[in-house]
């Protein structure tokens, strides 16, 4: 029998209250992350993927947001019921997180060293000296040259890529069991993106930690992930093992995403973008939220929320025409082979 | 011998002083208790303590507890000896010989000698504000350490009055200070208190001078003279310019004595058994004088119209919040020269007469500029009320309000741009008849007469007043001169305000005077 | 965001209409403190404008017999030591305060813009102008105002000029900073490339885009001017002593603060209400027009 | 850093010269007569004329000023006309009083202003925020001299808690100093407390929305740690730049507060010097005060550079 997953999210829902009323940013999201697994969370900006990660971490501002979930099981604990204190102990300890903006995610007035060893000092009883040495070690590990000097530098003295390496080092500093990486490479140059992804994979291979990799790039997913969760407008559109998703996408949105990524299709002429934009969270369509942009939409799509339909081993899609899609995807490929 | 006659005359002078304090405590009882710290809340800010060049009341309040003079004025403002034990005047009235009191020492420990007196007179005649008081002096001599002789060029009946004047007194300082520049005198005197600390805008602290040699010719203190003793260890004069704060400080016991209690607060203080109020009934004479060079006040009829229009009760009431007395004289009631001559022109309050006089004068709406300052609220109020009264009879009155230095400078230096200037006299009036009219005489002429020559008839009487050896003759001359001032409207006195003071109930021996005296004041336990 | 985004400055003629375009006006109306401030300012303005109508008597009319009257139905806000009606004096004082504040604001607008634009645009003038403003700002502001006021004699005009001298360097600095910033933007370079003259560029392209911080600064200058005028008048160097100025009223009242506290308290409240209104107004303008400006003394 | 500091000091010299020229220009326009002040309100014109001669005031203003500059370059600020003491001595005696009062106000401003601002930001949009901001607004809207007068009546007269004013040297009687300085310091500080609270709140709100605060939380940092270590270190940067401004306002705002509370500081000294036309005192005192203020600005800029590493390295 399969082991318990390290993270199991069930029925996560997040709402924001603002001047214009209450909006649901994440609606009934459930997925599992197994130990040592890399799960790709993909979607357009505003699809709710970052919010999902922040909700798991308990980092959303309490004054404006409400997080509810049936369960968020992490390492045998239900984070949905955890106290602030428990959450603090987990954050930076068993769960690390990397953010999208390396430029602004480091405190400009504190030394790299101080920021790096802070989680170590918070979570472990350890002397400053030992923590400092560990920091140097971590910087070496993430590939930062002359780490001892860097410890005394300030963030503005480092390039963006270097800063993101520092962020990775911070996230790794307490050997987390789970790493939430929120678009860790988006803000960086393409070459540096690749280096960093390689670094992450290298470290993952070594430490066997689980990673939730949030991205909007199917290319990144293809390169790194074991499993994919596709989000659209606060809901999960499709999830499944990465090979299944790429070979037999069960949702028109997933298909569209893949077509946006030239290196996946290998055919620049088929580079198409999905027409239209994400619906506003305050004016959501009644049925399938993708229906207004969907080339395959039928009147039934607007009738109600489409259920998750299993289309393979651990592969499910929230599209009433999922079976059709999976079948059609398999067909031409099979025919050609 | 005539020599003896002079001595007799002086003895009379001394006795007059002694009588003034007959009711005072005997020497043994001067201090009911020795020790403690006395704190006074003062209204005015204090400048330099150089008493030779400073005419400010605030300075005298402090400095006259540090310094002493050869001669000064007694409680009734009559001349009296202080540092001098005796005075001989020669028959030709040209030589004045002072014998110094023995045993007097300066705060720096140096004994007082005639050289110090001569040096002080030297300095005063060089830079002293009232150096004209020494105008008739030929020279002075110091025949021996204890003798100081002044030789006049010509006899001057008012000479002793002049050198004893307490407006800018000729205080005696150590001879090393003779060359000290103006305002830079070191405050070393012979008085019962010596300077401990001076922080301008905040406070002056004096402490008892242990080597003080009191003047034992009197039973107690009279004016600035007489038997003085420092009963308290220290005296602090605190500047508390905010009237509310000053009174609050008295009520909370932060200060022991407050000068200038606002009229309104008297009633409230009366209900406080910890506080005793005292009053000097006639403390300040308030007046205005016209500019005789600037139209339309160059016209006598216009001036008379203004004089007729004024309701002085209203002006005094407004400026003092109701604590005043009308006073048709340039002297206080009870003073030697007090006279009501010309009082028919005082406080006429007759708008119809004023209008008629204006008609007669051909007044045609020329502006009458009332030059005043807000720095001294009473002067401001007087001008404001007066302008309303003038407007009521059809005079185009305009207020010109400047800060005090500018306003006073303008009234002294300019003959244009103003028609009336306002002032209050404290010591000027107290010094006697000649002193109070001196400002309207050549060469002072505050009223800016044409060609800087004051009215001839007035000047004739003023000459008699300042030179006649006979008191009755001088009194008559004063009355006539005053009447002339009223007739010619050379100045308009408004009235007199008292000085309302208050002390904590445990403060004993405090006697109100034109200036503050802290000798013989003691704190009951 | 700010007007910096509006690149098409050719299509304006009236910058005001751009400045108060509908979106901003709606935001201002929704802004709670702006509206409270607006109402307070309107209240004071109405009192100032209607002073001759609503005053029961001439503000300088003395009535010695009814002096020191506490507030009552007959004397709404009481009377002072000369029996003058405080309600009339406060109302006329509003006139004076607003007039002086407005005068300071106008002088600030004219000279602050002129000097700030010159310093920001013509770099050669920058050194001299900025050193001069450094020197003026190195004076303690109250002492500078006292000095100028002492030189000119107390009058409302004196108060306006001495306060303008104190605040103009500060306004000019803010404008200079905005000019420097806007000068770097694309559309200015475009205009320059198109051969537009310096003054044309300044007037048509740069200045209209520097208005947001200026308007915010001026609203605070207005508030400071009213406070400082009271300080000067309190010291006898502000408005002419015959004018019913709030500062003078406090100064006159302080001698009687125990027995007639209303003489001091009422003009003080009048100042506080007016300045509060202006501050709220300024907060609102800042929030809506220029979120970057934080605080200027 | 050292070069920067030295350059700033060098820049201050021409500014000081300008300051002295401006004050000279103003003084040349000021009418009035120091003799009148010295003589007091009861002096007669006759006494006044003589006093003018005594003081050498009959010389032209220009020659008086020439004498002043002649002395200045020998490090001598001359003698005060009114006080008869060397200007430098008086200024040196008085400035510690003002500076200690200003520093006390500054401490009050920083403690109250910062904590009100921080609390308001942390309780953003709750009632505490509303109360704090209302207080801050009232603080910036009330004239300080009026507040001083009202406080005297309240705290000295009615409650009897504090003395009405005056000054007690700190080293003689620290408690007395504290009691006497509290009301003046508070009435000086009130407006600055309001300004600082408002600035702190808005900066804090801005900083709390920054990514690095989220990073800190993601590390498991407790809320106090986030606020104190991560947020405050950034909030302090703009705060320090205004502290220089605040301190110079506190120093110059003391003219009127010192007068009301009878504090013998440099503000009251110079205010009286201007009102009394004490030309040497005005000239010397203003140069001294301007030099102190300029120095203060330099210190603040250096401090700013020290606090903000982004500036420091450049």
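So that you can tell them apart, the chains are marked A, B, C and D in the order they are listed, and the count of residues begins at 1 in each.
The rule is short, and it goes like this: contacts are C-beta pairs under 8 Å (C-beta built on N, C-alpha and C of every residue); 3 or more make two chains touch, one makes a residue touch a chain.
Chain by chain, the UniProt names read as follows: A = Peptide ABC transporter ATPase; C = Peptide ABC transporter permease; D = ABC di/oligopeptide transporter, inner membrane subunit.
Quantities reported herein were computed from a predicted structural model and do not represent experimental measurements.
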Please indicate which chain is farthest from chain C, where distance is taken between mean Cα coordinates of the chains.
A
Sort the chain pairs by how many C-beta pairs are in contact and tell me the top one.
B-D
Most centrally placed chain - per-chain CA mean versus overall CA mean
D
Which integer distance in Å separates the CA centroid of chain B from that of chain C?
47
Counting in whole Å, what is the centre-to-centre distance of chain A and chain C, each centre being its mean C-alpha position?
53
Chain B and chain D have mean C-alpha positions lying a whole-number Å distance apart equal to 40
Taking each chain's centre as the mean of its CA atoms, how far is chain C from chain D in angstrom?
22
Set of chain D residues in contact with two or more other chains
31-32, 149, 152-153, 157, 259, 275
If I count partner chains per residue in chain C, which residues reach a count of at least 2?
150, 153, 254, 257-258
Which chains touch which?
A-D, B-C, B-D, C-D
Which of the residues in chain D come into contact with chain B in the complex?
31-34, 36-51, 54-56, 79-85, 90, 93, 149, 152-153, 156-157, 160, 163-167, 258-264, 268-269, 272, 275-277
Touching residues of chain D toward chain C in the complex: what are they?
14-16, 18-19, 22-23, 26-27, 29-32, 137-138, 140-143, 145-146, 149-150, 152-153, 157, 195, 198-199, 202-203, 238, 242, 245-246, 248-249, 251-253, 255-256, 259, 267, 270-271, 274-275, 282, 286, 289-290, 293-294
Chain C partner contacts - residues on chain B that touch it in the complex:
242-244, 247-248, 262, 264-265, 268, 314, 317-318, 321, 374-375, 377, 380-381, 384-385, 388, 399, 401-403, 406
Which bits of chain B are touching chain D when the two form their complex?
44-45, 47-48, 50, 53-59, 127-132, 167-168, 181-185, 199-203, 238-242, 244-246, 248-249, 251-252, 254, 284, 375-376, 379, 402-406, 408-413, 423-428, 438-439, 443-444, 446
If you look only at chain A, which of its residues touch chain D in the complex?
54, 57, 59, 63, 88-93, 96-97, 99, 101, 104-110, 115, 118-119, 122-123, 154, 156-157, 167, 170-171
